Structures are given as structure tokens and as C-alpha cells.
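What follows are several structures.
First chain A sits with chain B, and in the next complex the same chain sits with chain C.
Take a look at the complex of A and B:
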């Protein structure tokens, strides 16, 4: 039997093949250029009109930055409160996980009616979009801190602020960070989706505008930009997470941690 | 705090929110044009549910959701199981899939429109596509949750492959399988909604975005309440089942 090639080699071959097919299939007419313009044409468009793409991208980035501020700030605060206080946790957590089932995108028309079609409605919509995962993972992160650690700190006479800064925050950082990664990814999507639906600026708006005039190379140029943006964010967030990994094993109740992980994981894919 | 008390407080909070929604716009504290009072919204909802145009939209949306679900779940489950069961495939595809998960699927919506137009097919194809990846991921998690010890014990007692499948795999995976169904339905529903709101001629999502554009807020809120109620009801039903079958694990 032939030896199988190393998995990473196969992975690179698959990626390279995808790029080659992206160039060849449209060129040879197997896929019409309207459906998929060749890679080289897409890149040429990006190079030629980089000014337009850059200025629309800056609008998107501005909205993403504000939306992340809302999602992370409100999400961490609400998550810390519901995770830390038993009454709130029992009262609200089930409600929040039920609400999670509602497709948030149906709220977007309400936001445009209230705030117009400018940046404001996108920021608020994407903020709400990213809020839930940040809140739910923060609550889970705080709930799964090893009670022994808190007990030890308390028996050595740590005050409440000391317990918070020395035990609770370091022990919950890894979980919170994974929530921020997911929340951040969702705010990017929230901004792009809302720009695609109703707007007059931003990279998502470019996608829609060029689609309506059937200009595929420009549509794919914008898609490539959004892909790069979300992959860059994901890579950055993962790098930060890895640096804090050391703390991960330190303060976690193993069994509980596993269960929460499974509960949080499936939601990490992104619409 | 007992369960009953918790439920009582939750109901009180709900009543407070709904009461505020009714009273504040009526008193003019909130502009009723921006937030129509709850009573008006419910009246609109009842009236909408009597319209044939709305019936048709509901039927179209429901059909899209169901067909997309039937396509995405078995396909995703098969891929997920293949990746989880074969080390080699897992090593190749898991890192790739991680990146695919973090990429917004909605940006490919224009591609579906360019290829298939804006009809039924395109909604189903897009919703199935956007659901597929979450099914793959959950199916992988479900297979990996089966304890190797249990399989080993079953095998040492001479269980056949079929027996291992039905007596070990299925019971251990059941809770996660149900969770997979629940979460894929959330993604599926969201996918159909986005596709309908983006470009469509019919369907509830199309109606909602139209009402928003025409500033018909009572209709808009009525539609949102209807969809939210359907989504929450489905979710809670499956969750109850999940709790019931998790007794099989341990």
C-alpha cells in the first residue's frame, strides 16, 4: 500500500487546487464568468479600484469598532453579573438562551426605522448581534471557576476586590476571550449583513450595489475583502487566546468546564 | 429559591416589560409612531393572520425552512461523522473547517443569486449551505463524545458492529444529536430569513423588510413577534426532549 501524504501537505494541495480551479474553470467556460469571475480578474479589479474599496472598508471598520465596543462592554458586564450572582443567573440565563433561538436579523428593519440607514443602525444591530455570545460565554466562564480557589483566597483573608482582581478575572479570562472571538466575528457579520440589506456605504453595500448591476468581478472583489477581514480577525483573536492558554488549565473544574464547552461550541459557527 | 418562585418572578418581569410596551407609547412617553402600543400590535397580528397574502408567505417560508433542513442535516452529519471517525480526514480537514466556521456565510448570498436567481431554489440552497457547517461541527462533537471505554467494553463482551452502533453510539450521542438539530434549525431559520430579506418576492422575511422600508411599524412588530414565537416554541420543545434523553448518558 502506498504511504499516505502528510495531512498538512494535502491541506495545502487542496487550497492550491481551489485557487487554480477558481482561475481555470471560468476561463475555460466550465463555469460562466457571471457566476464566478477568474481569480486574476478579481484581483485586477481590487488593484484598479483600491481607492473605492479602501474608503468603503474604512466605513465598515469604523462601524465594526463601535459595535465591538458595545457587544464586548455590555456583554462582559451582563455576563459577569448573571454568572456571578446566583439569583440573576437562575432568573435570566434560561431566558437568554431561549431568546438566542430568535434570528436577530429580523430586528434589523426595526433598527433602520428607528435610526435611519446610516452607520448608527448598523452599529446597534451588530452590537446586539455580538452581545449574546459574549454574555453567555462570560457567564459560563465565571460560573466554572473552581470554588476551591475562591475558598482558599477567602480563608487567607482576601477582600472582595482582591478576590475579583486576583482570582475571578485571571481564572475567567480564557473563556471570556473565546467569547470575545466569537462575539467579534459576529459583529463583523452583523455589520456586513446590515450593509448588504439596507445602506448607502460600506463594503457590504458594494457587494449589493455591484450585484444589482451584475458586475461579478467587483462583487467578488468585495467578498475577498470581507473574507480577508474576518480571517485576519480570527487569526489575531486566536493568537491572543493562545498566549493566555497557560491560565486555562489552572483554575477550572474539569467536568463542568467540559460540559459548558460543548454547550458553547456549536454556536461558534457563523451565519 | 424554589422553581415556582423563579417562574413567578420571571412572569412578573415579563408582565412588566409587556405592560411598559403598552403604557409608555399610549402616554406619549415614547413616540407611538416608533413603538406602537402592544395592544395595537397584537390587533394587527390577528388581522394579518387572516390575510391570504400572509398565509402564502408563511407557506413559502415554511417550505424553504423544511427542505433546507432536510438537505443540510443528513449531509452535514455524514461529513461530520467521516471527519470524526477517520483520523486522517480529521487531520486534513479540521484546521480548514475552523477557518470556514469563522467566515461569514452571508457574503456568498450574492453568488447564489447570480447563479439561481431569487426564487425558492436559491433560498433553500443558501439556507442549506449556511447550516451545513454547524451540522458538521456538532456531528463531529457528537461522535467524539462517545466514550472509548464504553466501545471497548462492548467489544470485549463480543458485541457486533451493529450492536455497538445501536447500544453504545446512539444512546451516548442522543443528547448532542438533539442539540445539533436544535442549533441547526436556528441557523437554518436565520439563513432563510436573511435570504428572504435580501432579495425575494415572497415569504415572511420579504414582508418584514418591506414593512420596515414603508415604515409600517405595527405590521413589522407583529411579524417579528410571530417569528420569535415560532422560533422559541421549536427551540424549547427540542430542549425539553434533550433533558429527557440526557438521562441515558452518565
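Take a look at the complex of A and C:
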């Protein structure tokens, strides 16, 4: 019998297959090059015009950085307040939960009217876009803290500030971080989409500009840049999550059965 | 190593815990609900008292009031001669049903937590926590995180944390309820060893009658809600207790007497 290949191997094989198809299908003419230029052509364009891509990417990165600052800062603050204070929670949480379901992109034209078509409107739009998941997960993270832990801390004489810094904050970090990952991803979407709609700079702007002149390789070049940006962000966010939550990842590893260290053995001696 | 723990109490004959005419009523949906009525009890210093009673009789509430974590509507609680109206870790240590360890802290850091709250010097904290870790039989496990410990080991850490400030009184709220029978027996035995080494006054709440008789100097039986103390049973079994005692007639009769009381209430 054949051994089943590891999931990571399968993932790489699927990715490689997709890349091969990307190269072959347009070349054989099954898909017109206008719809999908071959991978090699896309890469060639990226290499030839790397200066243009780099300068537009720097604009996008700059906007993403500030938008994330807004989304995370305001999101955590608002989430902590609504999650921690019952009155605010009852007043605001239902409103924000419903707002989250509204396609905020409809507000973007208004933002351009208020803040112009430069970076400012993108930063504010994407910041608002990313704000909601950060705020809602932070509030949820604080609300779902095990009440027993707070009771235990109180029994040990923890003051309210100590309960906040030593119990509530560390206990809500895992949920907050997953909110930041989601919020960050939405911020990137927000920036790119707003650049595509109304703009004179940024990677999203490149997509729109080259699309109107039917230059597919350049469009795909920009798409590849956005993909790489998202992947880079996600990888970074996951790395931060892993580093901050030793206790959580350790638990996860144990569940996957990768933990076979001998150190577990002496545990059987003590119940 | 643990010699510094068995401090001689200044007044051994004095009561460690005095509860007088305590009643509690909480606001229910259809008006006030009486939860505890006319509880009076005295626990002598160094005694091991177990409270048993049917589910919902308010025994946990009573314990939380002794810990200063909840307030009664009437009556007084004195611990070490002074009223307790807020948690005071220097007088009372608490061990909860779920070990309630902080999952982001190692076992040692969990034990140090109460000392860190009052900004004790780092070396003192480490030394004290290590002593406690040894006391509960977990030497070598200090760096483990709670998820890497078994249920019994978690409760050992929790007991160590409850004792780290050396409070004269230890309150335990069904600490072994979530453990399997075997671990539970071992932990009960371990608790008695720790108790005999530290000379604490212990109030222990449980559902298990066997556990109650095995551990206690005195068993208090509570009625169904509103909780009252309906029986006080002295356990004349000698110390140290052994597993063999469970098979004796005395043990069986005591267990039966408690069971009869609780059954009437159920």
C-alpha cells in the first residue's frame, strides 16, 4: 500500500500545478492571453518595470501602515471599552455588529469628497474598514474571559488595575490577535479597492490603469504584487501570534500529536 | 525545606473562623430568595472541617463569604479574630473547583502570582514558590504550563498558590470534584500530608461523603436551600488516616449517618 503524502507536500504540489497551468493554458491558446497572460510574461513585465511597481507599492504600503494603525489602535480601544463596560456594551455592540454587515465601500465616494483622492481618503477608508473586526473580536475576547480566573485573582488580593493588567489583558490577547489578523487583511483590501476606484497612485491604481488600456500582463503583475503583500502580512501576523502565545501553540502542537518528547514521562509519577 | 512553614500559632486555642448568625438572601426574578439561614459555626485553629450538603444548598456561597469574595446580607464572619469584608490573602488562601490557573503562566509563575501582586522581591518570590512546589510534590515541573499538567497536578499547583503567602486559613471549594476517583483519593491523601506539615485551618466543601469522612476532623451537614447546618459530626478516626480505615465499621457508620441526613433533604 502507498503511504499517504503529508498535507504540506500536497499543498506544494497543488500550488506548483496551478503555476504550471498558468503558464501552459494561455500558451496553448485554450485561454486567450487577454484574459490570462502566461506566468512567464507576467514575471517579465514585473522585472522590466520593477521601478514603477516598487514606487506604486511604496505608496500602497504607506497607506496600509497608517490604516492599520487606525484600525488596530481605535479598534482595540473601542473593543476594550465596549467589552469591559456593560452599559457601553448594551448600547453600542448591537449597532457595531450591524454596521459590520454593511458594505462600507459605499461610503468611499463620500470619503473622497471629504478628504480628496490622495492617500488621506484611502487611509481613513481602509482604517474604518479594518476597525470593525478588530473592535468586535476585542470586545468578544474581553467578554469571554473565564470568570473563575478573575475570582481567583481577587481572592489573591488583586486590585482592579491589577486584574486588568495581569488577567484581562493576557487572557484576551489570543482573541485580539486573531482580530488584528482579520482587521489587517481587511485594511489591505480597503486600500487596494479604494485605489482601484478613485486614485492617481498605488498598486490598485496600476490595476485599473492597465486594465483600461487592455494591458493584461501589467494588470497581472500588479495582482501578483497584491497577492505577495497579503501573503507577507499573513505570514508576519501568524509569526507574531505564535511568538506571543507560547501556551496556546504548545497546546495546539500537543493536539496534532507532534509532541513526543520524553519529558512527559515523569508526569505519570505524580497525579 | 518546609520547616519554615510549620510556624507555631500564637494562640493555638483560639478559633480561626467564627461565623455568627449568618443569613443571605439574593434578589431573584420573583422577589428575594433566601439562600442561607442562621449559620453559626466555629472552626478551631488547625482543624480540618468539611462541609457537605445537597447541590445548591449554598455551601459554595458560604465559602466565598469566608473568603471575602461575596457579602452576606446578615451576620458576621471573623477570621483570625477580625472581620473579613474583602479578600485578604494573608489570612485566607482559596482553592477553587477548577484549578483556575492562568494558562499563560508556567506552574512556578502561577504560584508566584500572589507574591507578584504585592511586588515581593524576585528572589524571595522564586524561593518561596519553589518551596511550595516541593511541598506539593511537583519538584521539576515548575516550567510546565497548565495545559502540560494533568488534572491532579493542576490542583497541586493551585494548592501551592493558595499556600504561598502562608495564610493560616485555607478554603477549598470542591477542589477534587473534576478528578477521576483514583486521582481523587491520592489527592485527598496528599492534602492531609500537606495539612499535617503546614498546620493550616482548612474548610473543605465537597459532594463526596467518603472524601468528607476520610479528610475531616468534623463534618458539617447542610440542608437544601435555604441552607442551614443540620448536623455536626465529629470524626474520631485517628491521624494519620490510612486507606484501610475506609473499610472499618466506624467509617461506614459515619458515612451512613451523613447520607441519611442528606437523603432526607434531597
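Keep in mind that, in the parts below, the second predicted complex is superposed on the first by the 233 of 271 C-alpha atoms of A that agree within 3 Å, B and C clash if a C-alpha of one lies under 4 Å from a C-alpha of the other, contacts with A are read in each partner's own complex, and residues count from 1 in each chain.
One rule holds in what follows: contacts are C-beta pairs under 8 Å (C-beta built on N, C-alpha and C of every residue); 3 or more make two chains touch, one makes a residue touch a chain.
Quick caveat: nothing in here was measured; it's all calculated off a predicted structure.
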- Message: Once chain A of both complexes is superposed, is A:120 in touch with chain B (first), chain C (second), both, or neither?
- Response: neither
- Does chain B (first) or chain C (second) touch A:170, or do both, or does neither? second
- Message: For A:158, using the defined touch cut-off, is the partner it touches chain B, chain C, both, or neither? Pick first, second, both or neither.
- Response: second
- Query: Which holds for A:98: it touches chain B only (first), chain C only (second), both, or neither?
  - Reply: first
- Task: Quick one: classify A:7 as touching chain B (first), chain C (second), both or neither.
- Result: first
- First (chain B), second (chain C), both or neither touched by A:107: first
- Item | More chain A residues in contact [chain B versus chain C] | B
- Message: Between chain B and chain C, whom does A:193 touch in the aligned arrangement: first, second, both, or neither?
- Response: first
- Residues on chain A in contact with chain B in one complex and with chain C in the other? 266-267, 270-271
- Message: Give the list of chain B residues in touch with chain A in this complex.
- Response: 1, 6, 9-10, 13, 34, 88, 91-93, 95-96, 99, 101-111, 113-115, 130, 133-134, 137-138, 141, 145, 176, 179-180, 182-183, 186-187, 189-191, 193-194, 197-198, 205, 208-209, 211-213, 215, 217, 220-221, 223-224, 227-228, 231-232, 234-236
- As the complex stands, chain C meets chain A at residues 67, 69, 87-89, 92-94, 96, 98, 100, 102-104, 113-114, 116-118, 137-138, 140-141, 145-150, 152-153, 156, 161, 165, 182-183, 186-187
- Complex interface listing, chain A residues touching chain C: 146, 148-149, 151-158, 162, 166-167, 170-171, 173, 245-248, 250-251, 254, 264, 266-267, 270-271
- Over in the complex, which chain A residues touch chain B? Could you list them? 4, 7, 10-11, 14-15, 34-36, 87, 90-91, 95, 98-110, 112-114, 185, 188-189, 192-193, 196-198, 204, 207-208, 211, 214, 216, 219, 222-223, 226-227, 230-231, 233-234, 262-263, 265-271
